[in-house]
Amino acid sequence: MKIKTFWYFTKEASTGLARNGLMSLTAVITITLALIILGSFYIVVTNVNHFTEMAKGVLEIRVYLKEDADAVSLQNRMLSFDGVKEVKFVSKTEAANWLGKTLGIKELHNYLAADNPLPDMINIRLEDNVELKELTARLESLPGIDEVEYGKDFVESMLLVIQVIWVIGVSLVVIVGLVVLYIIVNTIRLTVFARRKEIEIMKLVGATDWFIRWPFMLEGIMLGMGGAILATIIISKGYHLLIAYVKELAPFIPLLSEHMVNGGLFWLVSLVGLAFGAIGSLMSIKKFLKV
Amino acid sequence: MIGVIWVIQFQGVSKIYSNGVAALHDINIHIEKGEFAFLVGPSGAGKSTFMKLIIRKELPTSGQVLVGHKNLAKMKAGEVSLLRRNIGFIFQDFKLLPHKTVFENVSFALEVIEASKKDINRQVPAVLELVGLKDKANIFPSELSGGEQQRVSLARAIVNRPHLLLADEPTGNLDPETSWGLMDLLLEINKRGTTVIMSTHNKNIVDKLRRRVIALDSGRMIRDEQKGGYGFEN
Amino acid sequence: MIGVIWVIQFQGVSKIYSNGVAALHDINIHIEKGEFAFLVGPSGAGKSTFMKLIIRKELPTSGQVLVGHKNLAKMKAGEVSLLRRNIGFIFQDFKLLPHKTVFENVSFALEVIEASKKDINRQVPAVLELVGLKDKANIFPSELSGGEQQRVSLARAIVNRPHLLLADEPTGNLDPETSWGLMDLLLEINKRGTTVIMSTHNKNIVDKLRRRVIALDSGRMIRDEQKGGYGFEN
Amino acid sequence: MKIKTFWYFTKEASTGLARNGLMSLTAVITITLALIILGSFYIVVTNVNHFTEMAKGVLEIRVYLKEDADAVSLQNRMLSFDGVKEVKFVSKTEAANWLGKTLGIKELHNYLAADNPLPDMINIRLEDNVELKELTARLESLPGIDEVEYGKDFVESMLLVIQVIWVIGVSLVVIVGLVVLYIIVNTIRLTVFARRKEIEIMKLVGATDWFIRWPFMLEGIMLGMGGAILATIIISKGYHLLIAYVKELAPFIPLLSEHMVNGGLFWLVSLVGLAFGAIGSLMSIKKFLKV
C-alpha cells in the first residue's frame, strides 16, 4: 500500500463518519455506554477482590502453649510450615489485658490482673491457599502445644466465600465483557448494513476487497476509540465522585484509589473498543463484499 | 490487463435468476475490440442482464462469457477487480455513491487504481467539464436532477480511459440535445480504440448512427446486424 | 378532497435549493382540471422541481403554489397526506419500496386510504395486468428490469384513480412500443377527467400528440403553447 | 382506526422484521444482551441488599444491669423505645457459660463457674433506622442500668456501610437501567436509519404519520419483546446455575431463591424492553417523517 493510499483511507474513514453524522453519533454513544458498563463492572469487581484479599489477611489460628513451651523455637518452626504467613507471640499478660479491656467488664479485668488463668499463645496469620486440616495436624504435633484453636467453621466459610466471590466476579467480568463486545460489534454491523449498497457500488467500480475494507475498518476503529475515550473519561470522573462520596460518608470502606484503577480501566476499555470496532467492521463487511 | 485483447465472447449463455426468471437464453455472440454495438429490445428483454454478465455482477447459469479469452466464471476476486477497473459502466440506475460528492464519485474510479493526486486533479475536472457538470463538482448526487446524475455516471465511466465501455440506457434521462452530445463523446472514445456497447431505447439515435445492432427479445437474440436500425416497428 | 376543483396555479414561484442552486425562477402558470400538459426542457431545467412543488415535497422559496385554490405552504400535515393520496406520481427514480413486492408496492397506495381487502384484490391485479406485470406480482423491485420498475411506479400512481397524475419522465426506460402503450393509458385516464402533467424528453411523443407544452430552460418558463411541439431544435 | 387497519399494521410489522432479517436479528441480539446486563445487575443488587438487610439483624446493644435491677419491667420499657426491635435477657450464668465456651480456655471456664464476676445483661436488637445516640441516652437514663455497651465504632460503621451500599446499589441499577435503555433506543434507531428512504416514499404516496408510525412502533415493540423474552430466559437459567453452584460450594451464602427474583426480573426486563422498543421507534422515526 502506498502512503498516499493510506492517507486516502484515513480521509475516507473520517469523511465517512462525518457524512453519516447522525448514525456515527448514535453508534459512538452506544459504544460509549457499553464500555461504561464494562468499566464499571471492572471497578466493582477489582474493589470486591481487593476487599476480600484484605479480609483474608484477618484470618488467624490461635495456638495455646503449655507452661514450659519454648515459644521462640516454636515460632521459627511454625514459620517454615506451608500456609503460615506470619506468627505473633502473645503472652498471657497481654492476653488478659486485651480480654479484660475488650469485654469491658471491670470485675473480670480486676480478677484477671490479680490471678491470670490464661495461657501464653501464638497467633498465626494464614496464607491464602492454606490447607487448614493439614496445618492444624502439624501444629498439634509440635512439642509444648496445649491446644490449636481456629474457629474452624468461620475460617473455612470465609475462605469459601472468598473463593466463590472471586469466581463469580471473574465470570461476571468475562460475561459482561463478551456482552459488551457483542453489542459493539452489532452496533457497527448496523451502521455497515445501512451502507451495504455503497459497498456493492465500490466493488462494481473495481475496488478490491481491501480497498473497501480499510476505510470501513478505520471507521470502526475510530468509532471504538471515540467510545473508549468517552467511556474512560466518564467512568474515571464517576469513580472520582464515588470515592469522594464514600470518603466523606464512610471513610473506613477501603475503596481502591483512582490511580490503582485507571490504568487497567484505560487498557481494558481502549483495547475492547478499538479491537472490536475493527473486528465488527471486518465481520460485517464480509457479507457485502461478495459482488 | 493492459495488453489483453478486449474481445467479448458469449458462448451458449443462458441466465436464469434465482427467482426462476429466464433473462437470457442461449446467447452466442462475438464483439471485437474497437467495435461499437447497440443493444436493443423491449423492456425486460435481457439487455441489462447481458451487460451485468460482462462485468461479472452476475454469472451465467449455463454457457460461458469470455473477456479477452478469459472465462469470467473462473476468475479470482483480484482478477475481477482488475477487469472492472478496465471497464467503464454507465448503470441504468446510475449507482452513484450517496455520501460522496460529484467530484469524489468520479475520482473514486481513479482512487481504486491508486492514481496520483496530480492525475486526479487534472482528469476529474476535465471530464466533469466534458459532461457539463463543472459547477456541480462539490454537491451530492441527491442534489442533482435525473439527467445530471446520469452524466455523473458517464463521467465516472470514462475518467480512467477504460478499454471497454458499457452504457446501459445512457440517454434515458437526457433531452435530445444532451443525448447527442453524449453520443458524440461515445463515438469519440470509440474512435480512440475503446470498445463500446450501449443498450438503448432511443430509436432516433440507432437509426441515424447505423452501427452494429444486437436485438434481444424475451432473452433470445433475434437479430445481429452490422449498420442496423432500431427495428421493432409495428 | 373530493369535490375540490383540481386547478393548479403557480404564482411568481421561485425555488432556490439550500445549496444555492436556483431551480425555478418566477413561474406563473395555470393548469385547468382535465388538461394534459407536457413539461419539456433540457436536463436540469427544473421539470422535476416543478412537479415536486405540486406534491409539496419541496416548498417554494418565494411565490405560491395553489392546488384547488389552496396554498400548499399553509397546509397542515394531515391535509398534505390527503392531497398526496389524490395525486398519482410516477417518480423519475421510481421510488419503490424495496422490501415490498410489486403487488404490495401497488396496493400500498390503496392501503393508505384504508381500502377494503376486496377492492385491493380486485384493483391491483387489474392495474398490474394493464402495465404488463401480472407475472411479476410477487417479486421485489430489485429483481425487476429498469423498464419494469418504471411500470410498477405507473401502476401505483394510477391504481387509486387520482384526480391529478404527475408523470416525471415516465418513458425514460421504456422501448418505443411500450412507451406508446403507456401514452395510450395516460390519454385514456385523462379522458376520464384526470389532469395529467408529464415531463419528458421524448420528442417523438410530444410532436405527435400535440398537446399543451410548457417549456422550461434554466428555471425559466420560455414557452407555454396549446397543441405545441417539443421544440429545442438546433 | 379500523380493525382491518390494525391487522394490516401488525402484518406490516412482522413482514418488515422478516424481510430485514439480518438486521432484525442483530437488533434483537443487542437488545437481549443489554437486558441481560440490566437483569444481572438487578439480581446482584437485590442480593446485596438482602444480605445487608440480614447483616443489620445482627446489630445489637448490650445493657449491663445492676445487681438489684428489675429485668422484666426494664425489658418492657425498652421494647417501647424507638429503634428497638427485640430484647433478650441474658443471666450472668448464661453469660459466664458462653464466655467460657467461646474463649475455649478451660481455666477461665472453671473460674467463672466457681465465682462469677459478670453482671446480668439485656441484649437489644435494633431496627434499621435507629438513632443510636438518642437511644443510648434513653437507655442510660433507665433505673438499674450499670452500663450501656454497643461497640460504638462497629455498629455505626456497619450502619453506614449498609447505607452506602444501598445508595451505590440503587444508583447503579438506575444508571445501568438508563444505559441499557439508551442502547436499546439507539439500536432501534440504527434499524430505522437503514430504512429512512422507505419512510420518505410512504409519505410521498400519501401515508399519514400515524400510518407509518404504527408498523414501525410495533416492530420496535416486537424487537423489544423478543429481547426481553430471551433475556429473561437466559438470566433465570443462569441464576439457577449460580444458585446450584453456590449451594454446593458455599451453602451458607444466603442467595435469594429464584422465585423471589424472577417476578421482579420479568417485569423489569419486559417493561424496559417493550417500552423502549416502542419509544425508540417513535423517536427515531420522527426526524424522517418531515417530508
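Letters A, B, C and D mark the chains in the order given here, with residues in each chain numbered from 1 onward.
The working rule: contacts are C-beta pairs under 8 Å (C-beta built on N, C-alpha and C of every residue); 3 or more make two chains touch, one makes a residue touch a chain.
Here the structure is a predicted model, which is why all the values come from computation and not from measurement.
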Query raised in the report: Among all the other chains, which ones are in touch with both chain B and chain C?
Result: none
**Report entry** Centroid distance [mean C-alpha coordinates] between chain C and chain A, Å
**Finding:** 66
Report task. Give, as an integer number of Å, the spacing between the C-alpha centres of chain D and chain A. Result -> 22
**Report entry** Centroid distance [mean C-alpha coordinates] between chain B and chain A, Å
**Finding:** 61
**Report entry** Per-residue multi-chain contacts in chain A, two or more chains
**Finding:** none
Query raised in the report: How is the touch graph of the chains shaped: line, ring, star, complete or other?
Result: ring
Requested in this report: Check the chains against each other and report every pair that touches.
Outcome: A-B, A-D, B-C, C-D
Report summary line: Counting only contacts in the complex, chain C reaches chain B at residues 17, 19, 21, 40-44, 47-48, 92-93, 139, 143, 145-148, 150-151, 168-169, 172-179, 201, 203-204, 230, 232, 234
Query - For the chain C and chain D complex, residues of the former touching the latter - result: 55, 57, 77-78, 81-87, 89, 91, 95-99, 108-109, 111-114, 116-117, 156
Report task. Sort out for me which residues of chain A touch chain D in the complex. Result -> 22-23, 26-27, 29-30, 33-34, 36-37, 40, 44, 64, 99, 103-105, 107-108, 110-111, 117-119, 147, 149, 157, 160-161, 163-164, 168, 172, 175-176, 179, 182-183, 186-187, 189-191, 193-194, 242, 245-246, 249-250, 252-253, 287
Report summary line: chain A residues touching chain B in their complex are 2, 4-5, 8, 15-16, 19-20, 195, 198, 201-209, 211, 291
